[in-house]
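Report on the following structure.
Should a chain be cited, it is by its letter among A, B, C and D, assigned in written order, with residues numbered from 1 in that chain.
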Amino acid sequence: MLNKLVRWSRIKSPWILHLNSGACNACDIEIVAALTPRFDVERFGVLLKATPRHADVIVASGPVTRQIKDRIIRIYDQVPDPKFVIAVGACAMSGCVYRGAYNIMGGIDQVIPVNVYVPGCPARPDAILDAVVKLLGKL
Amino acid sequence: MTDIEIVERLKRDLGPEALEVTNPDRRRIFLKVGSGDLVAAVTLLRDKYDCAYLATISGVDKGETFEILYHFASPAANINVRTEVPKASPHIDSITAVIPGAILYERELQDMFGLVVDRIPDPRPLVVPDDWPAGNFPLRKDWKFERPPEIIPGGKS
Amino acid sequence: MKFQIPIGPQHPALKEPISLRMTVEGEVIRDADIRLGYNHRGLEKLAEEKTWIQNIYLTERICGICSHSHATCFVQGVEKLMEIVPPKRGLYIRYLVSELERVHSHLLWLGVAGHEAGFDSFFMYTWRDREIVMDLLELISGNRVHYAINTLGGVRRDVDEGQKAKILEGIATLRKRSEYYFHIGANEPSFVGRIAGVGLLTKEQAVSLCAVGPTARASGITRDVRKEDPYAVYDEMDFEVGTADSCDVLGRVVVRVKELLESYKIIEQILHKLPAGDIVVKAPRKAKPNEVVSRYEAPRGENMHYIKSNGTDKPERLKVRAPTLANYPATVEMLRHGFIADIPLIFAAIDPCICCAERTVSLVNVRNGEETTVRLSDLRRRAIEQHKNAPPKRNAVWPF
Amino acid sequence: MAVLRTFLYLLVYPGLLFLFVYSTFCEWFDRKVYARLQNRMGPTHTGRFGLLQPIADFVKLLAKEDIVPEAADKSLFSLLPVFGLAVVSTAALLLPVWNFDLAAPGMTSFSGDIIVILYLLSLPTLILFLAAWSSTNLFSTIGGSRVLTMLFGYEVPLFLSVLSPAILANSWRLAEIAAFYQKKPLLILPNLLGFVIALIAVQAKLERTPFDIPHAETEIVGGTFTEYSGKKLAFFRLMMDIELVVASGLLAAVFLGGFPGGAIIGFVHFVIKTLFIIFLLALLRALTSRIRVDQVVRLAWKYLAPLAVLQLLIVILLKGFLK
């Protein structure tokens, strides 16, 4: 019973933290666009949170640059359990066009575990919404 | 002022210092000076040609030498000052005394080509990430890079 | 009590990673230091390994907001290198998209400025209307953000009559709304109280620190590549360069809204004058050894690409100068002596596009303070002198 | 029996359980109004109309990992949320809606309870400051200092403007003040200026836009709450919600004529009036942008405080005139 309640609350209230690890801004503006009236993720209880301590889901975009790698791990550690990671966009999945550049470590899964991958360059806000919903459906 | 007038005037003002002045395209003027005359030429451009706006500094690795281009823009034309320094002793004078906004581009040159900019106000070594190994200058043509092996999460590596 | 606060690399005010290190005393900033490199991807090196066509898509992904700017700037240069002239209709469509992009970028910026000032309703409303222009862009190119409409020698998609009508209709709505937002942005007391007199940058400072785009234009410099160095279709268009002389964040808001209105004008002219004909010519695979400087007025300021070819199908050197990079020295100047509360506003006011600026650069800005007073550089002296002359309107008057 | 009644009083109605339900409802209402004003839907899919959204948030936070930073003062860091919750719940018990009967004043209705409730409402601010200070994070520290700076700004105008109706009613007891205005509803009008000032001051006390400076997320990340997570954050959020209920209830009791008509009708009055005030607060939140902390203090001392004094003056003169 209690477990059921907790699971329900987790599904209904995912707070997200937006993490940019060197993306080109396109995925980021699409993530922000998902908050705005047209897409409005608050309907599902999704709130964009400022600090990692408050977040449940990390929405990461962009390839991982060499400089930011350690910071990503630190931010991941700061998020309290249970935590989930959504990799938004082709860059966060594999590096996209930047694959092979000297300062790129590859996709976000090279650094932290990823739960959901959202393809697209950039992923549309609808796709990002869908990813959040799918992730929660898996719980 | 038309392009041809500017070219003529540059030739007259700079005299023998101007090694080469070309005008390949509308409003694009390329001026070549020796690396020693650079600061004087930039000062002249700023004071007499209304070129206080430095768009950027580009470096090109030409094998034996580095070619450095200072792209200036004025309402009349886009004047690009070109100079060359040998790769063996890559020293160039800083122009931050004349144009303070140049500092970023000069730092970029130091980082990317291993050029030494003399008299730069803030010469702290600037390497790309914090843990970048010294002596690696990515934009040199002979610099090669090897990609680290990737891990496939949840699968074979 | 002096202490340092780090802003970033992960900070809610910054949608992208960058690190600002502020030395603050109470609420007042004494010194600012910018550390980049978090978004450095090594694009210029990568470009040397890709062909001309591949590079269009690479340059498009320098930045998501001004994706068309970088791609157009690159394509413009390469067309000159290859000595091909795109057909008129192709050019018109290319710059139609570029003006639509300017509209989307400025609306986005207005919203972000509202968000940074804690004015979330303004943010929501502008972003709601931004969806109109996103729809138009999707209608033309099929994509919301990376339009991929440029190709060497023209564009990839044509515009038909129905699309034309749709665009005109959308622009008419947007014009009405923009005027309303301008009214709010310039009159809402708590918002104006936050942005008036904040982030001062005098004209002299703007000139000496090589500021570009709306940042420079808000300081009274009429520098616009579209007017100064009219490329492609802009000498056939009738438009004004919007400037302001208040030198603060309010001025930057005013300049951007003026530019929005000018962009609507340009879009309408382009659509009315749209000539018939082909949209693309065939481009060769290789370019002769040559060099070219391509300039383009992106929403954030001047974009500059220096392209050098060596006779193969790959560039010898591609140098990208993004507008945000040029504005960093000015930003540090603006931040100094401001309040902590003003950091996000001032920083947002240059419309930072860190991903643009950082495709290959890493820098720590000119430092003020103890360390550099020892070797007092000319730059520092200048900065201080100019600051003394700044008009004393740092503390905005509460406009009630 | 009396013990059981006290237990029920403290735990069920109007104690913790009721406060929990009603404050989450108020948060939902606030969020919904705010979202509708911004052309959005607000929470929709959690329960009917998204009514259960704040409860889902609360339960989720309870079930999350609770991190205490290494450098923090651990006992203080963990105690403060509970303490804050206790303080605001106590303040809620003083509202005259549960003890409307003037003839038989209960334990929680006494002469001077308006002063007590005002002081109990000041405590959360200090708790927030201590919470920020004990978490030792840089952003929290700045947030904490901002909390205190703002306290100096809005507290005096709030006190002055809330006391002026009390002076007119010639009583320091909330129930009596409310009863006075129920008898003479026209006398509510002279206090209108004070109502506006109190609204603004309450907005500042609750740290909502334009006064969300202590946790302005674009400036100092989470501000006071930066290091809090899990249960403690849940308690703090609940504390803020209950504070919202108490503050709006206080304003309703003092300025809007209280909650007349027994347990049922009085309760309906309570709901309608508090929601009205929350609506006004949400409107204020949607229509303004955040101002700087120095601007808050300037606004408070340059405009709010003198106006509150003017309000007092009006009331005193009116009182003399009525006599």
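Convention: a residue touches a chain if its C-beta (ideal position, glycine included) is under 8 Å from a C-beta of that chain, and two chains touch if they have at least 3 such contacts.
Bear in mind the structure is a predicted one, so any value in this text is a computation, not a measurement.
Participant: Measuring centre to centre, with centres taken as mean CA positions, what chain is farthest from chain A?
Facilitator: Between chain A and every other chain, the largest centroid distance is to B.
Participant: Out of B-C and A-B, which chain pair has the most contact pairs?
Facilitator: B-C
Participant: Please work out the Cα centroid separation of chain B and chain C, and write it as a whole number of Å.
Facilitator: Centres of chain B and chain C (C-alpha means) sit 23 Å apart.
Participant: Which integer distance in Å separates the CA centroid of chain A from that of chain B?
Facilitator: Distance between chain centres: 39 Å.
Participant: Could you please state the distance in Å, as a whole number, between where the Cα atoms of chain C are centred and where those of chain D are centred?
Facilitator: The answer is 43 Å.
Participant: Taking each chain's centre as the mean position of its Cα atoms, how many Å separate chain A from chain D?
Facilitator: 35
Participant: Please output the residue numbers of chain D that touch at least 2 other chains, ranges allowed.
Facilitator: 38-40, 217-218, 221 - these are the residues of chain D that touch more than one other chain.
Participant: Among the residues of chain B, which are close enough to touch at least two other chains?
Facilitator: 128-130, 138, 145
Participant: Pull out every residue in chain A that's touching 2 or more other chains.
Facilitator: As it turns out, chain A has residues touching two or more other chains at 36-37, 50-51, 65-67, 100, 102-103.
Participant: Going by the touch rule stated at the top, which chains touch which?
Facilitator: A-B, A-C, A-D, B-C, C-D
Participant: For the complex, which residues does chain C have touching chain B?
Facilitator: On the chain C side, the touching residues are 37, 40, 42, 44-45, 80, 207-212, 223, 228-229, 290, 292-293, 295, 302, 304, 306, 308, 316-317, 319, 321, 325-326, 328-329, 360-367, 372, 375, 377-380, 382-383.
Participant: Can you tell me which positions in chain C touch chain A when the two form their complex?
Facilitator: Of all residues in chain C, those touching chain A are 9-10, 12, 15-17, 37-43, 45-46, 49, 57-58, 61-65, 67, 108, 111, 123-125, 127-128, 130-131, 134, 144-146, 353-355.
Participant: Which residues of chain C touch chain D in their complex?
Facilitator: 3, 5-6, 11-13, 26-27, 114-122, 124-125, 128, 188, 190-191, 193-194, 339-344, 395-396, 398, 400
Participant: Note which residues of chain D are touching chain C in the complex, please.
Facilitator: Touching chain C from chain D are residues 37-40, 138-139, 142, 145, 209-210, 212-213, 216-221, 286-295, 298-299, 302-303.
Participant: What part of chain D is in contact with chain A in the complex they form?
Facilitator: Those residues of chain D that touch chain A are 31, 35, 38-46, 50, 52-53, 55-60, 63-67, 217-218, 221-222, 225-230, 233.
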